[in-house]
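One chain, subunit A, links the two complexes that follow: it is found with subunit B in the first and with subunit C in the second.
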Partner chain A sequence: MRIWTLHLFTLAVLAVLLATLPPYHATNLARILVLAVFAIGYNLAFGYTGLLSLGHALFFAAGVYGAALPITYLGLPQLPALVAGLLAGGLVAGVTGLLALRTAGVSFMIVTLMFAQAGYLTLLYFGPVTGGDEGLVLPDAAALLPGLSADVARATIAYALFSAALLSSLALVQSRLGRTLVAIRENEDRSRMLGYNTFAVKLTALVLSGLFSGAAGAAYALLFGYAGASFATIQYSILPMLWVLMGGAGTVLGPLVGTAAMFYLVDIAGSYTTATLLFVGVALVLLILFAPKGILGTIRERWLTWLP
Partner chain B sequence: MTNLITPTRRTLLKGMGAGLLASAALPGHVWGQAAPIKLGFQLHRTGIGAAYGRWYERTAQAALKVVNDAGGINGRPVEIVFEDDATDPKRGAEVVEKLASQAGCDLIFGPLFSHVVIGSAPRAGELKIPYLVCSEGYHVASGMLNRWTMQPGITDVRAQVSSMAPWVTQNLGKKVTMVYPDYAFGYDHRDFFTEAVKAQGGEVIAQIAIPPTETTFTRYLPQIPTETEVLYHVMVGPAVLTFVKELGDFYGSGARPQIFGFIDSLEAVDTASPGLEFLEGTHFWEAHNRVKQADASEAETFYRAAVGVDDNGASVSDAADVATYSHMFSVWETLSVIKKGMEAAGYQGPADRQKFVEAVEAMTTFDAGQDHPQGAKVFNGKTHQVFGHQFISKVEGGKLMRVHQTAIEDGQYADAVDYSTQSF
Partner chain C sequence: MASVILSARGLTRHFGGLRAVDGVDFDLQTGDIHALIGPNGAGKTTFVGLLSGRIPAQSGTIALAGEDITRLPAHARVKKGIAYTFQITSVYPRLSVFDNVALAVQQTATRDLASDVAAALSRVNLADRATQTAGTLSYGHQRLLELGMGLALRPRVLILDEPTQGLASGEIANFKQLVRSLAPETTVLLIEHNMDVVMDLATRITVLAAGRHLATGTPSEIRANPAVQDAYLGGHDASA
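For the complex of A and B:
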């Protein structure tokens, strides 16, 4: 009960913040919410199932282009395009998983990294269609919800998407499947001995992770009007890992906390120095030294043991 | 100790006296009470564009000083807020947001890299803030962006490339092989130069696209047909040094075709660097002559001194710090256009942003001079794109010496868009 109360309360606070923050921070919050959906997806694979992927940029970019290409070339309306992006993320994750999940550990990292790199080069190769490194401009975000201004439409979609992602991930990790994921993370051999088809479960986790990532990619492209191959670069595989590590791997709210903290760390550090990545690096080193389980992971360990 | 919560009459009087003195002594009179006009600068301070960013910032500071020394804009002082976009389109859009909504800038200018411009322009359009780019990309004039995005400071790549074709085919040869990077920037060269060469009666006989991940080019060089008369190259980044060296090894001391390149490859790189000897006697496109030419105008001399560049094109304080001279003038000239546009629009504040865009759209020609040291230009208010002279230089003794100047018309092409009919 208190678990659901906490999460619903968080959503209520976010709604109030979106409505009351000054424009700059409100738009930032919309960005953070969409990127947090990406982190939630990453967390399902990494935090709950123990699949350390370096290829999630591929699933994010699948969402970006799964939405952008049908809009640009088929004139698909934006909301169906959002669904198309979500499905593209899941599909690409499924195909990648079928091949990459034959490996584990470091090999899995390398294979997923190669897949993502191949995806990036494919986007460049088909530059005349995808816009390549320059990218494509998409219609105004206001077209998403006719009748509303672009800012309101953006905030509404970002909030709705994040709420759906947060609540579904909460339900998921509390379900039988969620517990099986954790079992596999803790001891895959034992799970197999207990009769679980661990390959099928891991593939399911990766597809779900891809669906979240794809939805986030599609939403990011639609809400901010731009699709480009830079979303498929290695940077976008590493970022969700950092967000999850900072917020707390294997916690439901961790991705949101980590994404927000990292976003503002870069934003604020950027006002003082060009070495923003140094700030990020120092923050991560401190985190590993003093709170290796991330912000919420540490809180759960010390105080709130019931945190999902 | 004096009690500050309930001060005595004496401390109050003292305080008031000190306050009066202070306000009289503060140098606030130069500008009266006018609040400054704030210009946001989206700067590639880090990331792949950092070499350009460093010089763009210096150029902007120099231009700002000239504008403020001459009385600012509409009698108000001008300040520039620089914000790093890490040469990344996602961060670029966030920076537009930050400059517009948080720093309260009147407009935004300055980005060079195409992907940053394309990633940021939609947000600038939504925020209804003028966005003046210095990017060379054909994306402005192609109609891809919006009414708030303009490029009044530098000729776009389509015009640059097209204007090279007549001289190249008449002086270097008619059978051309092109070597270019395998992504959008390279495709602009491929498409527009191939078309322009054809119009001149020449022919592009081979197009060799180099994937962006390549670090060595030896396996591509044998693809250059032997009947090639002109080798056209445009490479970006550190790969150019390897490329030139391997090209030198490939041809050895034997016969080689004429070689024509785009200076983009060598911006911020000294043409007399070890390893670049093979470039001796080859030709380059330049938008602005890096080496001060014998006939340099007074405005050119003034500009060069203001931005701190010596006669060889390097920083006056460090001869190894070579400028991005063929691009950075766009920052200076864009600021000149901003000043003219704001004055023509009677710009007072953000409510006049639309008037500002209309005022710039109404501009047609820019005269050469201190405001436009690169030379005279023609501005197309419909496509939001400016057109200027281009130069061809030859490497002689490791220095780029001008051998040709194009006419403005050489680069002009039919309009693909009329932004001025779009709604704000």
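For the complex of A and C:
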């Protein structure tokens, strides 16, 4: 009960913030919410199932282009394109998983990284179609919800997507499947001898993770009107990992907390220096030293043991 | 004549030049408590690994109630009713006792997860520890928890690999009582080094030596078998 209360309260606070913040910060928040959906997806694979992937940029980019290509070349409307991006993320994650999940641990990291790099190079190779590094410019966010201004449409879509992602991930981790995902992370051999087809479970986790990542990629492209091959670079595989580590791997709200913290860390550091990555690095070193379980992971360990 | 629930024919597994299991024929009668004994390195753990599917067989066949399961992966065999507890205790140490057992219970057709978990826990006398983190249980309780997880799968065949290893004598007495209460609904195959437990519990005993089948019989037959005495129970000194 208190679990659902906490998460619904969080969503209520976010709604108030979106409605009352000045446009610059409201747009930032919309960006954070969409990226947090990406982090939620990454967290399902890494935080709950223990799959350390370095290839999630591929799933994010699958969402970006899954939405952008049909809009650009087929004239698909915006909302169906969002769904197309979501499905593209899940599909690409499924195909990647079928091959990459034959490995585990470090090999899995390397194989997923290679898949993502191959995806990036493919986007560049088909530059005339994908726009390559220059990318494709998409219609303004206002086209998503006709009748509203771009700012309001952006905030509404970002909020709706994040709410759906947060609540579905909460329901998922509290379900039997969620318990099974954690079991795979904790002791795969034991899980196999309890009758779980661990390959199928991990593939399911990766596909779910890909659906979230694809939805986030599609929304990011639509809300900010741009699709480019840069979304498939290694940076977009590392970022969700950092957000999840900072917020707390294996916590439902951790991805939001981590994404917001990292975003403002970079934002604030950026007003003093161009070397923002230095601040990110120092923050991560401090985190590993003093709170290796991330912000919410530490809070759960010390105080709120009921946190999902 | 009781029916055979699990049988192996010519089961073989070599590791390089080592013939860990070498052409073993084996029948497990329904409802038995069957002990598997043999000197260290006889291939006992490898043999039950082949039965449970953790280790693939190189040749030979395995049948469960007449159905060939030789090529089935381990998780599918568990679904068919072969549960296995590890020689080295293997639970989920960072999860609660409840979640440990729930992971087994949710594999069965359960309507009410919470009450079925409670029932499974009270069977191994851990009902009052449901909220405890499994890793903080004593060693004896962790072994009981693992047994409870195996039982919660409602298996037809329960394979126990050295279940009493490291238990105190009082715990062993409780364990014997528990295993005895399982038969004849559940057929039990256990690897055991403690001869008191074997002679006390087992209705039938199979002896392996150097990867080969040496003898199968009732406890008194095995005790009287000169080949077994020679290989295992102390050689010529014991028969003197």
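As a convention for this text, the second predicted complex is superposed on the first by the 308 of 308 C-alpha atoms of A that agree within 3 Å, B and C clash if a C-alpha of one lies under 4 Å from a C-alpha of the other, contacts with A are read in each partner's own complex, and residues count from 1 in each chain.
Heads up, the rule we're going with is that contacts are C-beta pairs under 8 Å (C-beta built on N, C-alpha and C of every residue); 3 or more make two chains touch, one makes a residue touch a chain.
Model, not experiment: these values are computed from the prediction.
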{"item": "Partner chain in contact with A:A183 - subunit B first, subunit C second, else both or neither", "value": "second"}
{"item": "Comparison of subunit B and subunit C by subunit A residues contacted", "value": "B"}
{"item": "Partner chain in contact with A:Y24 - subunit B first, subunit C second, else both or neither", "value": "first"}
{"item": "Touched partner set for A:V137, first subunit B, second subunit C, both or neither", "value": "first"}
{"item": "First (subunit B), second (subunit C), both or neither touched by A:L194", "value": "second"}
{"item": "Common ground on subunit A, meaning residues reached by subunit C in one complex and by subunit B in the other", "value": "none"}
{"item": "Residues on subunit C engaged by subunit A in the complex (per definition of touch)", "value": "52, 54, 73-76, 78-79, 83-84, 86, 90-95, 99, 102-104, 106-107, 113, 149, 153"}
{"item": "Residue numbers on subunit A that touch subunit B, as the complex places them", "value": "22-24, 27-28, 31, 121, 124-125, 127-128, 131-138, 140-142, 150, 224-226, 228, 230-231, 267, 270, 274, 276"}
{"item": "Footprint of subunit A on subunit B - complex, ascending", "value": "45-46, 83-84, 86, 88-90, 93-94, 97-98, 101-102, 114-115, 118-119, 121-123, 125-126, 137, 139, 144-145, 182-185, 187, 211-213"}
{"item": "Contact footprint of subunit C on subunit A as seen in their complex", "value": "176, 179-180, 182-183, 186-187, 189-198"}
